[in-house]
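Okay, so chain A shows up in both of these, paired with chain B first and chain C after.
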Partner chain A sequence: MTQLALVIDLNVCVGCHACVTNCKQWNTSGAAGALVDCNPYEAEPNGTFFNRVQTFEVGSFPNTETVHFPKSCLHCEDPACVPVCPTGASYKRKEDGIVLVDYDKCIGCKYCSWACPYGVREFDEQRKVMTKCTLCVDRIYDESLPEERRKPSCVLACPPGARLFGDVHDPDSEVSVAIRERGGYQLMPEAGTNPANHYLPRRKTVIPVRAEELYRSDNPHKIDGAPFDKNLPPTTEELN
Partner chain B sequence: MPTPESLRYKNKLYYLLLAAGGLVALAGLYAVHMMEEHGHIISGMNNQIVWGLPHVFAIFLIVAASGVLNVASIGSVFGKAVYKARAPLASLLSIAMLSGGLTVLMLDLGRPDRIIVAATNYNSTSVFAWNVVLYSGMFSLVIVYLWTMMERRMHVWSKPAGFAVFAWRFVLTTGTGLIFAFLTARQAYGSALLPPMFIVLSFAWGLAVFHLVQTTIYAWNEKTLDPAILRRKKNLLGVFVIASLYMVAVYHMTNLYFAHQVAFENFILHEGGTYTMMFWIGYVLFGNAVPLGLIYAPGLGDTRCVMMASALVVLGGFAFLYVFIIGGQAFPLNIFPGYVASSSFGDGQIAHYEPSIYEIMLGFGGLAIAFIITTVSVRVLNFMPQDKAYIAD
Partner chain C sequence: MRPAFSVLFLTTLIGAGQGLFITLFFCELLAGATLGSGFFVGGAVLVLVFSSLGGISSVFHLGHPERAWRAMTMWRTSWLAREGIALPAFMAAVFAYGLAHWLNLGHTLAIGTVGVVLAIVLFVCTGMIYGAIKVLKEWAHPLTIVNFIVLGCASGTTLAAAYASFTGPVLAGSLAQAALSLTVLGVLTRAASLWRNATLRPVSTLQTAIGIRHPRIVQKSQGAMGGSYNTREFFHGKSPAFVRGVLLTMLLGAFVLPLLLVLSLPLLAFIVQYLGLLAERWYFFAEAQHPQNLYYQTVG
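For the complex of A and B:
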């Protein structure tokens, strides 16, 4: 079974919110209608956003770093939001594993929002239905678009290319390879929902510089026993 | 013997009360219209607090509707004559509160116009859908039970109907508790303790409402409740209040025992501002401690004290549900344990909630519906408890 999903590289994400704005732009202009904005220019703006970026600090000052964590519906393989829906409006598609909401069946009881452990359900306060990330189901199958554009709008918008899209059940897909080879992990696996979306962890890029790479082994200064030149590059011991 | 003057006065007062109830119900309908027209933007609810004040009213009314039937059950199931005489009034109150609560719940759903969708699309794995069946079943069963009690030729069916109602109301309150017990995503819920806790809370809230209405009806009819009956019923209320306080204490104590729940408990019990105040002062002090004093303190425990204790238990119930439902949502999801998350959308922060006037109007509208049904029914039908001179049990 195909399971479409996003893989987000936290090492690359800079928290620019381009995914958030492009998601909002695409989905607010789509057939489903505008996504509400509440007090967009006031102190506490709110509204319906399928994709949100959370930020937290790791480590203690001064050894801290900021992690930007984009979060949308994780299209869980065993979604908590589906069985709780009283009318069956929340459902998971068999053909591609996308979790969707049938707006015609949704009665707006918001119980799915209570059940989702990731807080990614978005009640549209104007349309009065529960909404969520659709993985841009209205564009990924749109044959009028060039094939390379048939991706979720957040993936297309990400400037550093932190977001990958594909079938996580296909072992040869770009996303599966990324998960396998770059330590991809699920958010809160303890919830037992088996999220399809994965995250690639932050990594420290260390480039070891060995002294022998900086010194010539046949350095005439060493051979002839001349006094040590202070302008020479440091030794390996000094580097470490 | 009532004089013609006092009857005229009562007649006027009745219509005045009915008009007042009608006005409040109309205000509730206006709130529904506004929310239907503008969406939930005009409410205080948001994506963090998805259930607000109307749900507090709705759940109180539904839980109390189940609890008030306890009076009827003690009569029909356990054969106590004092309670049997009060079973019709208890059943009426149950129907009235269930109507008010379900109206608020239904009208506060985002799309009340889609009630037909809820009725025709049924997801059997959803505890919410189970509750739709439980509520409608309860409604029908209590009507049948009332019929068996109010029509002489149906009296033979009264006991089986009473048993059915007794069983159904336990399942119903279990179902209400399960709405929260099945939620593992949020820290406040996901506990097997919640269904029995809701059952015990329903006993206290239902009996408190019953006392309030019964005392009013007796006063209206210029009658005095037998002190022996009052003593029995106030003691029962006291026991229910103690039991519910015990259940709530156990719920919080077990949470405190789990390291991952400590932050949430600290929020509710210590640092939660409004929620902490409402819990300790609203629920524990005025909803439990003061009523217990009014019931058990030497020299107290007369009709007025019981009336006041009952009113406080009801108010305490609202305070408890406000903290339980809204406080439980205000505490953020613990998605990144050990880290303080933030975003431009309020994620990872204590959610802000301020009920709007429309939510308040809708909540009171539900109360008004229950009030109107009760007032009209006790006027046109005989719901006055008929106590025998000698009580066998």
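For the complex of A and C:
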């Protein structure tokens, strides 16, 4: 069974919000109608977005790291939002695992958004229905697009390539390999929702340089008892 | 959570109606001979008025009320759909009960039994709408359902005492006593949930929310300056002093004052208790801490 999902590499995300704006652009121009903007040019502008980039600071100064954290619907494998829907407007597609809202059936009771622990559903104040990330279902199957463009807009927009898209149930897909080999994890595992989207953790790039790699035992200088070259760079041990 | 006013009115109004109907049934069961059928017809009308007002106010919660009929379709999984079926079913039973009394058709106790079962089913459905949301730990507990039943019955019995004081004085005293006992029971069950919620430790933390194992994580930006649905729907947006004021209003209005008033002025006791229960329902929403709020701590 296919389960399409995003894998977001927090080690790569630079927090540029390109995914946010491209998501908004694609989804506000689609066949489903515009995503409302309230007061777009006034104080307190706000509107409906399917994707946001948040920023967190981890650690205490001076040992801090800035983590940019994109958040959109995680297309959970056990979605809390679907069974609570009284009309069946919220549903999870069997063929590809995408969680969607049928805007023509939604009565706008907001119950699904209460059940979702992640706060990734947004009520559209103009259309009066619940909206959410569709994984760009209206473009990933669009055969009029070249195959490499059949991806969610956020993935296409990401300049450093922090967002991967694919089938997390296929063990050989790019996303499954990334989850398996780069420590992919789910958000709020305690909620029991089994999110399909995964995040790849921050990594420190360390190149260990051992002393014997710099000062080879068979170094002719050493063999001859000649003094070490003082201009050699320090080893990792010396630095620490 | 932000208290949704249409839902506050819905749950308090239908709760009073259901409680009144259960009381009417027991009045007929225990002292039916001493009361005329007019008492039950009027009572059933009162129940229908309260449940209709509740139903009407619930419509204001919906973005698309014209599609409300769809809300009955997913009864296999959704407690909201089950409530959408149980409310009209209960009202139909009450209508049949009133009609049977009015036209002297008989079988009133049988119809009443069906109505009482449906009233309890409706209480459970209403409570489970909140109790079934696993991520809201304050709500996901049997006490939520118990409180909906006990407080609804207390309110309905106080209403019955007020109603009887005008139409069936023989029962007014005993109904006021019953209302007193149920309100005392309500004090106990609501205090239990207040204590539980005050001592509840959140399961989700910022660490599990973004998946980073570090004791010190601070949000620097939530991704939008002007607020969003996330900042509107899941915060009550009031000061701690205001919330304490609502709690005090709830304790005085729903419990202390009705206990003092119900034996002497049952109608006033019902009105005060109804307002107190509105405060109770407001506080019920406000005390629920949604885990999504972890993502919305700092504007930017």
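Following the convention adopted for this analysis, the second predicted complex is superposed on the first by the 211 of 240 C-alpha atoms of A that agree within 3 Å, B and C clash if a C-alpha of one lies under 4 Å from a C-alpha of the other, contacts with A are read in each partner's own complex, and residues count from 1 in each chain.
The rule is simple: a contact is a pair of C-beta atoms (placed from the backbone, for glycine too) under 8 Å apart; a residue touches a chain by one contact, two chains touch by 3 or more.
Since the model is a prediction, treat every value here as computed from it, not as a measurement.
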Following superposition onto chain A, is the placement of chain B relative to chain C best described as a clash or a fit? clash
Applying the touch criterion given at the start, work out whether A:113 contacts chain B, chain C, both or neither, answering first, second, both or neither. both
Does chain B (first) or chain C (second) touch A:159, or do both, or does neither? neither
In the overlay, answer first, second, both or neither for which of chain B and chain C A:183 touches. neither
Just chain B (first), just chain C (second), both, or neither: which does A:46 touch? both
Who does A:60 touch here: chain B (first), chain C (second), both, or neither? second
Applying the touch criterion given at the start, work out whether A:105 contacts chain B, chain C, both or neither, answering first, second, both or neither. both
Examine A:171 and indicate which partner it touches, taking first as chain B and second as chain C; both and neither are also allowed. neither
Touching partner for A:86 - first (chain B), second (chain C), both, neither: both
Residues on chain A lying within both footprints (that of chain B and that of chain C): 17, 44-46, 48-49, 52-58, 67, 69, 71, 80, 83-89, 105-111, 113-119, 121-123, 125, 127-129, 187-188, 191
Give the list of chain B residues in touch with chain A in this complex. 38-41, 43, 45-48, 50-51, 109-111, 114-115, 117-118, 121-123, 125-129, 132, 179, 182-186, 189, 329, 333, 335-336, 339-348, 352
Residue set of chain C touching chain A in the complex reads 1, 4, 61-65, 67-68, 70-74, 77-81, 84, 129, 132-136, 203-204, 206, 208-212, 214, 216-230, 233-234, 290-293, 295-296, 300
Show which residues of chain A lie in contact with chain C when the two form their complex. 17, 20, 39, 43-49, 52-60, 66-67, 69, 71, 80, 82-89, 105-111, 113-119, 121-123, 125, 127-129, 185-192, 199, 201-202
What part of chain A is in contact with chain B in the complex they form? 17, 36, 38, 44-46, 48-49, 52-58, 67, 69, 71, 80, 83-89, 104-111, 113-119, 121-130, 187-188, 191
